[in-house]
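Chains here go by letter, A, B, C, D and E, matching the order in which they are written, and residues are numbered from 1 within each.
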Amino acid sequence: MKLARVVGTVVSTVKDENMQGKKILLVRALDASGQVTGEPFVALDSVGAGVGEDVFYARGKEGSFPWHPQPVPSDASIVGILDPFNFPTRESHTGTEGTQK
Amino acid sequence: MKLARVVGTVVSTVKDENMQGKKILLVRALDASGQVTGEPFVALDSVGAGVGEDVFYARGKEGSFPWHPQPVPSDASIVGILDPFNFPTRESHTGTEGTQK
Amino acid sequence: MKLARVVGTVVSTVKDENMQGKKILLVRALDASGQVTGEPFVALDSVGAGVGEDVFYARGKEGSFPWHPQPVPSDASIVGILDPFNFPTRESHTGTEGTQK
Amino acid sequence: MKLARVVGTVVSTVKDENMQGKKILLVRALDASGQVTGEPFVALDSVGAGVGEDVFYARGKEGSFPWHPQPVPSDASIVGILDPFNFPTRESHTGTEGTQK
Amino acid sequence: MKLARVVGTVVSTVKDENMQGKKILLVRALDASGQVTGEPFVALDSVGAGVGEDVFYARGKEGSFPWHPQPVPSDASIVGILDPFNFPTRESHTGTEGTQK
């Protein structure tokens, strides 16, 4: 999975029927320092993420697992929201995660 | 999924039988400002997109979901058309999408 | 799918048994002007393509669909041959494809 | 699979239910000399890896095989830990691996 | 599939149980002239390749096909060995492969 920030939403009246009623977000990747980088791309939301939140998303077939067995034609889906104040590469953070299992 | 613009169509008499009768389009990726970028590639159309329209497409196995369970050998398929005047990264757009669910 | 030109064939005596008897081709990607670009890679042929022909190929699981349900371990397979004199990004071409459906 | 080093952990309260109770790690790719390179990304741990260890991970659908048939939406999972003092590209190493089968 | 050269082996005591007893190799991609290029990565061997041999490998789900239906979490597997003296992009080679079918 990769880290990304939600930067917008996508409005599409004409789309695959299995995408009807789902939130389509525009996201950008995050680099090691937590800054957005690269081109924006489209990801389907499965956890209720909103614009401005930092998330991680799965690509490929795994991108449709949250709606399994519905054949949603998504190749990138947001599967988790980063907790605020916990960007993973910060020094103070990596030293205190031993309790997460 | 990624944003792209339809830039042409592909004419192929000799092709996999599961592609017979389907519209094969040539598309190019869109960057954050809505400009085409990178090399054109081939995508199968599942929503009726035409040359000049902005779309988003799914890659990988998901690219064949719109025709499921027919084993269409497509690894990139257009699954939605962007509504006109709604390019997602524009300021005026991202602020008003709260109603899309 | 992506556009490519067949540039050679691959000779392999020792290979996966599901690849026995299939034509293994070496191809290179085509850019917007129809020129080869990037490194050559290996693709399995499912439509009878030959050296010098322009084709489009599917990657990933879709690359094994033409031989389904045989579990051919191919991640890139040629699924269509471009018609001669019809390179998709040429001006004279994109304007006359309305009849392809 | 690719070589990577575990550089941190990811804290996410809101995530896909199939990720609950699993360790989510942040890793960075390793280059030929064993140095970290590129942006960090998120991988699910299936072998008990910890921060500082060198591992190799599988991407794509294979990334969810360790939990099969649970539909874990992971596209990158750590499937092995490199033995210490055995970085594969070191001269003294490649010459002595004939016994591994 | 892509062309690569086997450059080493990987020693991993702690790994996914479906990888136990399989040879794990380190490979590097080959460019058009047959030289290694890019970072080394990890591939599972299914055909008995050894260090120094030129091979082609399949990525993604296809990478686990040689062990099907065992759910081996490999996303890159060597599926064929190039015959010696037959690098595909050499002039003298591409002209004499018409008999391969």
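Following the convention adopted for this analysis, contacts are C-beta pairs under 8 Å (C-beta built on N, C-alpha and C of every residue); 3 or more make two chains touch, one makes a residue touch a chain.
Given the structure is predicted, the values throughout are model-derived calculations rather than measurements.
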List the centre-to-centre spacing of chain C and chain D in whole Å, with centres computed as mean CA coordinates.
33
Rounded to the nearest whole Å, what is the centre-to-centre distance of chain A and chain D, using the mean of the C-alpha atoms as each centre?
20
I need the residues of chain A touching at least two other chains; which ones are they?
59-61, 63
Going by the touch rule set out above, what shape does the chain contact graph take here: line, ring, star, complete or other?
ring
Should the ring be read from chain B with chain C in second place, what is the ordered list of chains?
B, C, E, D, A
Using the touch definition up top, name the residues of chain D that touch chain A in the complex.
7-16, 18-19, 21, 23-24, 26, 28, 39-44, 51, 59-61, 63-64, 71-76
Give the list of chain A residues in touch with chain D in this complex.
1-3, 29-32, 37, 46-48, 56, 58-63, 65-66, 68, 77, 79-83, 86, 88-89, 93-94, 97, 100-101
